Amino acid sequence: MELFVQQVLAGLATGGIYACMALAVVMIYQAIDHLNFAQGEMAMFSTFIAWQLLQWGLPYWAAFILTIGISFVAGVLIERIVFKPIQNAPVLSHVVVFIALFAILNSLAGFIWDFTIKEFPTPFGSSPLLGSGLIGSHQAGMIAVTLVVLLFLYVFFRYTRVGLAMRAAAGNPESARLVGIRVGWMVALGWGMAAAIGAIAGMLIAPVVFLEPNMMLSILLYGFAGAVLGGLTSPGGAVIGGFSLGVLENLAGTYIPVVGSELKHPIALVVIVAVLVLKPGGLFGRVSVQRV
Amino acid sequence: MSVQDEAIAHPPIAAAAPVRSWRSGVKVTSLAWGLALLIVALAIPFFAKNFLIFQLTMVMVYAIAIVGLNLLTGINGQFSLGHSAFYAIGAYTAAILMEMGGVPYALTLPVAGLVCFLAGFLFGLPALRLEGLYLALATFALAVATPQLLKFSPFEHWTGGVQGIVIIKPDAPFGLPLSQDQWLYFFTLAVGLVLYWGARNLVRSRTGRAMMAIRDNPIAARSMGVNTALYKSLTFGVSALYTGIAGALGAIVIQFVAPDSFTFTLSIGLLVGLVVGGVGWLPGALFGGAFVLFVPNFAEHVSKGLSGAVYGVILILLIYLMPSGVAGFVRTIRGVLMPRAPRNPSAAARDP
Amino acid sequence: MNRRFALKATAALVGLAALAATPALAQKKYDPGASDTEIKIGNIMPYSGPASAYALIAKTQAAYFKKVNEEGGINGRKVNFISYDDGYSPPKAVEQARKLVESDEVLLVFQPLGTPSNTAIQRYMNSKKVPQLFVATGATQFGDDPKKSPWTMGWQPNYQSEGRIYAKYILEKHPQGKVAVLFQNDDYGKDLMKGLKDGFGDKAKAMIVAEAPYEVSEPTVDSQIVKLKASGADVFVNVGTPKFAAQAIRKVHELGWQPVHIVNNVSSSVGSVLKPAGFEAAKGVLSTAYHKDPTDPAWKDDAGMKEWSAFMDKYFPEGDRTSSFTVYGYTVARTLEHVLKQAGDDLTRENVMRQAASLKDVTLPTLLPGVRMNTSATDFFPIEQMQMMRFTGERWELFGDVIAGEIGG
């Protein structure tokens, strides 16, 4: 029983990582209506920027805020410079440009900062919380920040003019344009916000997995999976999706002999696919209706 | 439904389904091009070094895999990030049959194709309910799981576990005075031609039209009496068959299979090749295959430390210049040379 | 003509002096890739992809050969070091190996990295009779059968020997111990695991109470550590690559688990593993070593490491000094330099292999004191010695004797 509790808590801690990333995934989905494969690398690059700022002697929170700002601007710039010129190209061409972006950021980070793992500080301390190390204070802090970002997104998309305009621009660009929304800038804004949330995710994840150019490689996959599991249109669903993924994976690894420990990733993914087959819109996503 | 609509209802081109009125003219020129290409292809091995022959063989192998992916994505409108799995299944089938069953290499291809057809068909069944991004994720999961399944310890006896399987490279048969590389080149070329011919005919057949109808408007297709579920699963199967045969050929050429050969990167590579060649245009696969093999080498030549960045920049520039891949480029040229032909053949084939 | 004769004569003298054991070297003999002025050396490394951290090794080696060339080359010949990227993908490794052999026509392929890539090219290299020299992996299959693969040779201590050394230590110091193992689920992890089990012999089943594999694609190994701790083990063998080993060290500490903790040699770097994991958490950890660690203050005034440091300053200033890969690459490159010097003017592939297979008690300044390289026609593992060490909280402290592995010759 103690093992069970420990695995669930460890799963929640890892799930927090996935949830963070899943939020960034949902954000970009709301803005551009598909997934960005370079998102993990963007988050990694932002985290390296934060690390560099810290190396130059900035206090943690100053570096944190500054990085979010830089990432926001960088996100907007990437949209304006890279994606605006090909906005009429087929979707698969966009996917290929995401892949290109992925390769560029990964290679550049390795070139500038090397591949040796780097320690990234946490503002929450690393002392065990709740007695004998069931969950670290950083993990708790990470989960808290995730929830704050979630709340922010919820309010933003529900109650602010910009948020609503952004949803309209992504969901139905033609009509949005007709009611006077500047669709192009909404997309750019969405990129900026996604990059900023990615930066937060990166800075929270790095203390756990260590900072290096390949740190987001697998986490992005789980971010996607979490977001899709929860429903791509629902930030809350994405967070729940991320957490359940972490717990599910740990329990499979612990309690299913041989298969569990060697194939814990595939098992988690199979479960997700199964959920999707039964509920194609994800657990909390809006059901899509197709009109002829 | 928006994503899926976008991805599927606006295929960049569908040149493989030309409109009847201008078909004959195009047919003659493409036939001439095809013949010229074939003559060059047949001549190359007698002039090139073995190393280049080997590289070109790999280009053809990737091209066959990309044709498979193109049938699924370009013709049927289903999205896959998991084709490295079928490539791996094909490769392992060939390797296991050759090393443990003592089966001649040529016979492993049909078996690999069949196994992959079944795997693809079965995978296609549950995937039927998934569309757009969800299908992408499911296939993504397949690609990620593949290397882990290949080294899964209970299967180690057959798969060689983490060590993989080393295969012996075949010699030219009947005492032909060809080097191993030359022979494999011709062998791959022959297999590729047969498969390409098959794909072309499939696309032009009744089945092909049904596949495209599903891509362009699934609901309309269904209401016209097309069994969408069956066709989608079948397309998955055929697509996997092509990629699986490519995998088997690849294994024979490389002489080695291991879990690390079939990671998610391979899927990405095939997808990039598909888009570079042109989604929906079968001959584009050759360009795609060449891109997959040669561009990373070129990027590395430019800068070793930043090869990834160079590769990415080349890719972006390519999409800038040819947003619909080589297919779009060819279409533009065609439009300039033959102004009477409709500029966008797919416009007529597609009913908005 | 004169100059040539003079060279020949000098070479003959050098040959006689240095290689009295192998006569008939006066004649200049060349295979493709070698000439009076140049020696072409090929290399395959993952410059891109998930294993790109290792590329630092080849970058160091390129810098080292630049140094060799600036100082006059090897027996007057400049080294042309051609290194290609395989992205850790076996098919690409085959392509690059063929490019090196057939297109660039190198004399030998030096330090191709990774077990999958080396397995992929092993048969090709042996059929072409081109040396696949000092492969950058400790997998036991590269060197355990010189008869079958006479053109393939390892360099570093193989993983199985390392596993046996740990088993021996545990049997000696903690015979009643319950052992838990974390290992990377690939050839390297499994090879080391095999050595460990072989070392325990028939006690393996009783001693090892828990095993947990992990995949490189996993973000963390926290779950595995929780599971291993729950098994009640009091000895923990950590067979992870740097990132995962560091995560494991930290998690073990966070959980308040206090086993006898052995970290494998791959992850024994102070700068790139123990420091990120936290010195507090890493205190008391055990490991083995065969070369000196650049970030270990114990070697601060060591002459060998000073030499390395001067090399880094001059030829590879942008290189990451906290990574032990730079010392590793430097040391292997020096080994090759030694072999090629010994080969003299007989730069045939056969003679290169013969020289590589006749190292006698060769030491290098960056190897641990007492570690010597020995090879023979039946022993293709140059380094088979390691020494146990304990982390004091800021540096490694060697203890016990230099131990020889038991695999191969």
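Each chain carries a letter (A, B and C) given by its place in the written order, and its residues are counted from 1.
Keep in mind that, in the parts below, a contact is a pair of C-beta atoms (placed from the backbone, for glycine too) under 8 Å apart; a residue touches a chain by one contact, two chains touch by 3 or more.
Remember, it's a predicted structure, so these values are computed and weren't measured experimentally.
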Comparison of A-C and A-B (more C-beta pairs in contact): A-B
State the chain with the largest centre-to-centre distance from chain A, centres being mean CA positions. C
Between chain B and chain C, what is the gap in Å from one C-alpha centre to the other? 39
Averaged over CA atoms, how far is the centre of chain A from the centre of chain B? Could you give it in whole Å? 31
Inter-centroid spacing, chain C versus chain A (mean Cα positions, whole Å): 38
Where chain A touches two or more other chains, by residue: 103, 107, 110, 221, 262, 265
Among chain C residues, those touching two or more other chains are 48, 55, 185, 215, 217
Overlap residues in chain B, where contacts from two or more other chains coincide: 144, 148, 305, 307-308, 311
Going by the contact rule set out above, which residues of chain B touch chain A in the complex? 1-3, 5-7, 10-12, 73, 126, 129-131, 133-134, 136-138, 140-141, 144-145, 148-149, 152-154, 217-220, 268, 271-272, 274-276, 279, 305-313, 315-316, 319-320, 323-325
Can you tell me which positions in chain C touch chain A when the two form their complex? 48, 50, 52-53, 55-56, 185, 211-213, 215, 217-220, 222-224, 226-227, 230, 242-243, 246-247, 254-256, 271-273, 275-276, 320, 322-323
Which residues, counting only chain A, touch chain C once they are in their complex? 2-3, 6-7, 10-11, 13-14, 17, 103, 107, 110, 114-119, 126, 128, 132-133, 136, 205, 208-210, 212-214, 217-219, 221-222, 249-250, 253-254, 261-262, 264-265
Under the touch definition given earlier, write down the residues of chain B that touch chain C in their complex. 49-51, 54-55, 58, 144, 148, 151, 161-164, 166, 250, 254-256, 258-261, 263, 265, 293, 296, 300, 304-305, 307-308, 311
Residues on chain A engaged by chain B in the complex (per definition of touch): 33-35, 82, 85-86, 88-93, 95-97, 99-104, 106-108, 110-111, 171, 221, 224-225, 228, 232, 258, 262-263, 265-266, 269-270, 272-273, 276-277, 280, 282, 288-290, 292
